[in-house]
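This is the structure I have questions about; it appears just below.
Each chain carries a letter (A, B, C, D, E and F) given by its place in the written order, and its residues are counted from 1.
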Amino acid sequence: MTPRPSGRAPDELRQVRIERGFTRHAEGSVLVSFGETRVLCTASVENRVPPFLRGKNEGWVTAEYGMLPRATNTRNSREAASGKQGGRTVEIQRLIGRSLRACIDRGALGERTVTLDCDVLQADGGTRTAAITGAYVALVDAMDWLRRRGEISRDPVFGAVAAVSVGVFGGVPVLDLDYAEDAKCDTDMNVVMNDGGGFIELQGTAEGHAFRRDELDALLALASKGVTELFAAQRAALGR
Amino acid sequence: MTPRPSGRAPDELRQVRIERGFTRHAEGSVLVSFGETRVLCTASVENRVPPFLRGKNEGWVTAEYGMLPRATNTRNSREAASGKQGGRTVEIQRLIGRSLRACIDRGALGERTVTLDCDVLQADGGTRTAAITGAYVALVDAMDWLRRRGEISRDPVFGAVAAVSVGVFGGVPVLDLDYAEDAKCDTDMNVVMNDGGGFIELQGTAEGHAFRRDELDALLALASKGVTELFAAQRAALGR
Amino acid sequence: MTPRPSGRAPDELRQVRIERGFTRHAEGSVLVSFGETRVLCTASVENRVPPFLRGKNEGWVTAEYGMLPRATNTRNSREAASGKQGGRTVEIQRLIGRSLRACIDRGALGERTVTLDCDVLQADGGTRTAAITGAYVALVDAMDWLRRRGEISRDPVFGAVAAVSVGVFGGVPVLDLDYAEDAKCDTDMNVVMNDGGGFIELQGTAEGHAFRRDELDALLALASKGVTELFAAQRAALGR
Amino acid sequence: MTPRPSGRAPDELRQVRIERGFTRHAEGSVLVSFGETRVLCTASVENRVPPFLRGKNEGWVTAEYGMLPRATNTRNSREAASGKQGGRTVEIQRLIGRSLRACIDRGALGERTVTLDCDVLQADGGTRTAAITGAYVALVDAMDWLRRRGEISRDPVFGAVAAVSVGVFGGVPVLDLDYAEDAKCDTDMNVVMNDGGGFIELQGTAEGHAFRRDELDALLALASKGVTELFAAQRAALGR
Amino acid sequence: MTPRPSGRAPDELRQVRIERGFTRHAEGSVLVSFGETRVLCTASVENRVPPFLRGKNEGWVTAEYGMLPRATNTRNSREAASGKQGGRTVEIQRLIGRSLRACIDRGALGERTVTLDCDVLQADGGTRTAAITGAYVALVDAMDWLRRRGEISRDPVFGAVAAVSVGVFGGVPVLDLDYAEDAKCDTDMNVVMNDGGGFIELQGTAEGHAFRRDELDALLALASKGVTELFAAQRAALGR
Amino acid sequence: MTPRPSGRAPDELRQVRIERGFTRHAEGSVLVSFGETRVLCTASVENRVPPFLRGKNEGWVTAEYGMLPRATNTRNSREAASGKQGGRTVEIQRLIGRSLRACIDRGALGERTVTLDCDVLQADGGTRTAAITGAYVALVDAMDWLRRRGEISRDPVFGAVAAVSVGVFGGVPVLDLDYAEDAKCDTDMNVVMNDGGGFIELQGTAEGHAFRRDELDALLALASKGVTELFAAQRAALGR
């Protein structure tokens, strides 16, 4: 059994920090860190909905994801300069959007759109799971802002949503892969859960070694443990 | 318990047809039907590899996905005309590519790229799972073509890959959702497996109702049953 | 005199098949084959008109053309992926649109747009002429659909439209060029006619050998003969 | 019989002017006027060929077409700003390129590309025919420039190429349509010929009234007369 | 001290010509020449305003800039073909727009947009300053056109605007750089002024040799002298 | 005389902070703050040069600028999603690139490209001047990194470069405008200087009130004072 490059135990998360109010303009602004992965998540509220929801008294939650060109070890070209978002970006921002819509009562939100911008300042694996976990806190803050201004009467957020990655590294199921693990391990899964123990999104990928059912069970158990700790970190950050 | 709109049993696939040699130019060309969903899958072999593989004596398998504008009930705008592929398209073609790379020995393929074009002629739910299942057969045919021409000595394909969707409809886990089910059911999962019982890709989404662990187990069991039948259909089509 | 690669007589069309109802969602859906050239033509009716026609009680007919990446002998890049339609595509879809508008009473159509999507599944020369010939049948079916639903009172289609290519191959004027001829012959012409013997579009191109007036006359006579047979095939397909 | 808005006889060209050396940097630079239509045609020689011609000892001639935003009665949006060339532009520049390639010996040109930029400063109908007629003169000048510098030994240009539009206006076949005629007349044809009486391109369009064979013959006769006069104007401009 | 390549005195403008009515469709159309630099400036009036001005009873003035591909010594690629405007183009057209807005009473203009299209037919340095100087005259002509039609009651143009470049060449501050100077001199400044002696835009660039305060003063004095002559040329062209 | 919204004296900078090593992957990484404006500047070194410099033994310095969608008071659309960089972005990144190239000996840099990515995390006016001031420090750090690795022998950076904005607010020339001032003041200038007192870039804009020569002199004096303090802050951050 190969030890983890970071020396962590197989079921050990990296240090998680959730810093609210990181920037001042957004209705919610959170800098979330999973170890050396740092993602700035802002929640912006606008009084409009996409065309397919007009006149339905419902709101919408959507997400956009970006990575600063030098968030990574070698510079990536800037998507704004190359004129399009890459496939990976598109895939991730759709995942974040679906995940956060799973804890929102769109009727209670009213005809508003919340855009969750998740921008990676520094990447070390797990940017999408950090983004979901942080974006939840930014979303809660934005809903509080609406409530304090008297624009909504009941909280559109129900429950909590968090995400973590799991994978098989050196033959052992491990929790919260960092880049050194991610690059070597071709079986990994991103798991998005709510605090009722329900699964919201499961995205398992095994380009190299297909995972067996017993590995899958072990990974799901690890993920469950991980998100439980993330829910605690979210509550602590929110002072709840 | 709501009966399925199609009258199928919960664990019943739609009629699956796999028609080889549907068009004549491609090295592999398969029309796959899952009920009314029809996808044309072609495999094209080219003697080049992407820049990141040059000089490594390895090949590459990639996929592109498209839907004819009127494959669906109302016309969608043509992506070539609007100037970009939508997020859903990008997500699906990346999934197909990863899935098929999971059964290819890239060293045995040599410095070649196989492009799997999956074009939906008619859509009724499950286009991505049909595409993966059909693209596998097109890929096998393309590898046979290479072998018959003496360009490769051993078969780069190991095992088989197939995919099916599962979901909770009217409270009941069901197999191989059609459009009528898909539109009403907000918990569904696409499962890609190999014929050794291993999971290659799991993509579960629960925008509405998060699924519990026991539902997940039931869905995985249904998927296992479904792909077993799909492997049989692939073998039958290939005359094996 | 070089014989035609296909062995056809100079004034002989390839086998023409027109298969209605090829897909199920579109108001008109036709698979047209000119020999090995196969084009799926769908007609989609929408209750809107382009901005320049708003409020004028007139409809519009437009066309889009595409070729599946592996419809041809070597794979072409997917236009949706490269982000723009090529010059040839644009030229062809404009030709199809103009040709079909020539048989439509736009007042009788009312404030509706019919989009004719012509997607080449397999190419062997003459895709644009097959597309026009098949799109006519899809258009007629879509108009029948409108009439059966009582949305229009009189038929907006007057007469018939069909198209064929002609060219000088090995010094001899020939009808309905296939790819083997097209690639070697640098004088060819696409001729769109109506069933009253009128010319709707003439597009003659002679990059290599400019054609003389007597050759032009011979080509026009061949085209006349060819479209007469195509009109018969259209009527047969429509059961008229 | 409706008189022509300009008072011209049916077979009368507008005043044609061909001004060489209009700008100073290009190897050939011609301002051509057909009445109020003014097109600047420049020929640029570069020592490179497109990928498909590399190593074949042949050259290439290509064309690009543009219209200044306010060349027309109302302002058109700038294609560079909207990020793509429109369908009409693409169609026209392909026509110009094919037409001029018909009078070039690509072997004699050697591994060079000549780009013919045709930019409409002022439009009053017939911009593509003026462009072809003027681009020919710019091409001849560029070939002379190459010869004077001793870079080529024999003239790659053989014969001459010119173009004119014809159409049926008010029931009468007329030559060289201006905008007032073009806007009202829905049968028109652009004819590109060489000075041996051969047809290089024929593009006839009849959205409204399909033209009969006898009309076609009358139009072709008019076009023949028109290009004969244009060849004389080209020779006069070239001092031949 | 190096003499100027053109033999001009350090404070000497090139020959300036301002030709009104160069094309016929635009409300204002001016061909401006600063020596061999020739720019066609048209002013187009439209009865609409950008979204941010709707309902405010104010107009807008904006500019677009382009260069014909062969306006320069070697051919530049056509921006419409490459699908985007380059950075230099964007920078220049924003400068022209701001400069001309500085002499417009937007309330007096009413809910109209004036677009100033500045297209370089031939370039020899100073295209942006020639464009601003010429666009002013086109703008005045367009406002006169509005006034003559009775659409506006008072003149929206107040004062005059002109521009010139200055730079340090061979150690000497010089006025109105041509291309031969511009290419060798890495300190230059574009100065836009009004006829009250006020500065509207200053854009000084010193990639190579940073300029000292005393050089800056000398350059500003030269610019002042230059625009004074340009205002005289504008007045002469306008017959004032 | 209107007091400044921030209560600052007319010649008072906002609090300036320069934090090195803000992220870990880039060769230089600086978070610069001018009051509430915060810009992350990274310097990335790559062993390649743009095509126009190949084989010349010279390096290149270029810049890209971006603003996170919610860096501002209301959300701006993400440029990567809309598919192009706006005019303001292009203008700013070109300014940053030119400014930093003014302090680099490109021969000493060798065949390398340094890309300065300036991403605004929070905006309150003066983002481009903060970016230039911070990018200088990131550039110095990247050059140190090259030197420590022995890749270059002498320092390619000569002198220092910093930038500040000045403008006329409420009739008074003021230094370092924040957003509240910038929005109300239509005469402002960005001044880039080196530490020898030379001007590198001057960009003065006066859409509303053209500035007089005496105002210009006062603004330049303020800018000189401001950059002197910025040079001190850069030195302090660099421990020099």
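In this section, a contact is a pair of C-beta atoms (placed from the backbone, for glycine too) under 8 Å apart; a residue touches a chain by one contact, two chains touch by 3 or more.
Which chain is which protein? Per UniProt: A, B, C, D, E, F = Ribonuclease PH.
Treat the numbers as computed from the prediction; the structure is a model and nothing was measured.
K.L.:
Starting from the defined contact criterion, work out which chains touch chain B (Ribonuclease PH) and chain E (Ribonuclease PH) both, please.
P.N.:
none
K.L.:
Stepping chain to touching chain, what's the minimum from chain C (Ribonuclease PH) to chain E (Ribonuclease PH)?
P.N.:
Counted as steps through touching chains, the separation is 2.
K.L.:
Name whichever of B-C, D-E or C-D reuses the A-B interface, so over half of the contact pairs are the same residue numbers.
P.N.:
C-D
K.L.:
Counting shared numbers against all numbers at the contact of chain C (Ribonuclease PH) and chain D (Ribonuclease PH), is it over half, same, or under half, different?
P.N.:
Homomeric contact, same residues on both sides for the most part.
K.L.:
Please indicate which chain is farthest from chain D (Ribonuclease PH), where distance is taken between mean Cα coordinates of the chains.
P.N.:
Ranked by distance of C-alpha centres from chain D (Ribonuclease PH), the top chain is A.
K.L.:
Distance from the CA centroid of chain A (Ribonuclease PH) to that of chain F (Ribonuclease PH), rounded to the nearest Å?
P.N.:
Going by mean C-alpha positions, chain A (Ribonuclease PH) sits 33 Å from chain F (Ribonuclease PH).
K.L.:
Can you give the whole-Å distance between the Cα centres of chain D (Ribonuclease PH) and chain F (Ribonuclease PH)?
P.N.:
Taking the average C-alpha coordinate of chain D (Ribonuclease PH) and of chain F (Ribonuclease PH), the gap between them is 50 Å.
K.L.:
From the C-alpha centre of chain C (Ribonuclease PH) to that of chain F (Ribonuclease PH), how far is it in Å?
P.N.:
Centre-to-centre distance between chain C (Ribonuclease PH) and chain F (Ribonuclease PH): 59 Å.
K.L.:
Between chain E (Ribonuclease PH) and chain F (Ribonuclease PH), what is the separation of their C-alpha centroids in Å?
P.N.:
Centre separation, chain E (Ribonuclease PH) to chain F (Ribonuclease PH): 27 Å.
K.L.:
Which parts of chain B (Ribonuclease PH), given as residue numbers and ranges, touch two or more other chains?
P.N.:
83-84
K.L.:
In which sequence are the chains arranged about the ring, given a start at chain D (Ribonuclease PH) and a first step to chain E (Ribonuclease PH)?
P.N.:
D, E, F, A, B, C
K.L.:
In their complex, what parts of chain C (Ribonuclease PH) are in touch with chain D (Ribonuclease PH)?
P.N.:
84, 87-88, 90-91, 93-94, 98, 101-102, 189, 193-194, 196-213, 216, 220
K.L.:
Going by the contact rule at the top, pick out the chain A (Ribonuclease PH) residues touching chain F (Ribonuclease PH) in the complex.
P.N.:
Residue positions touching the partner: 23-26, 29, 36, 38, 40, 42, 44, 46, 64, 66, 68-73, 75, 78-81, 83-85, 89, 115, 117, 119, 121-123.
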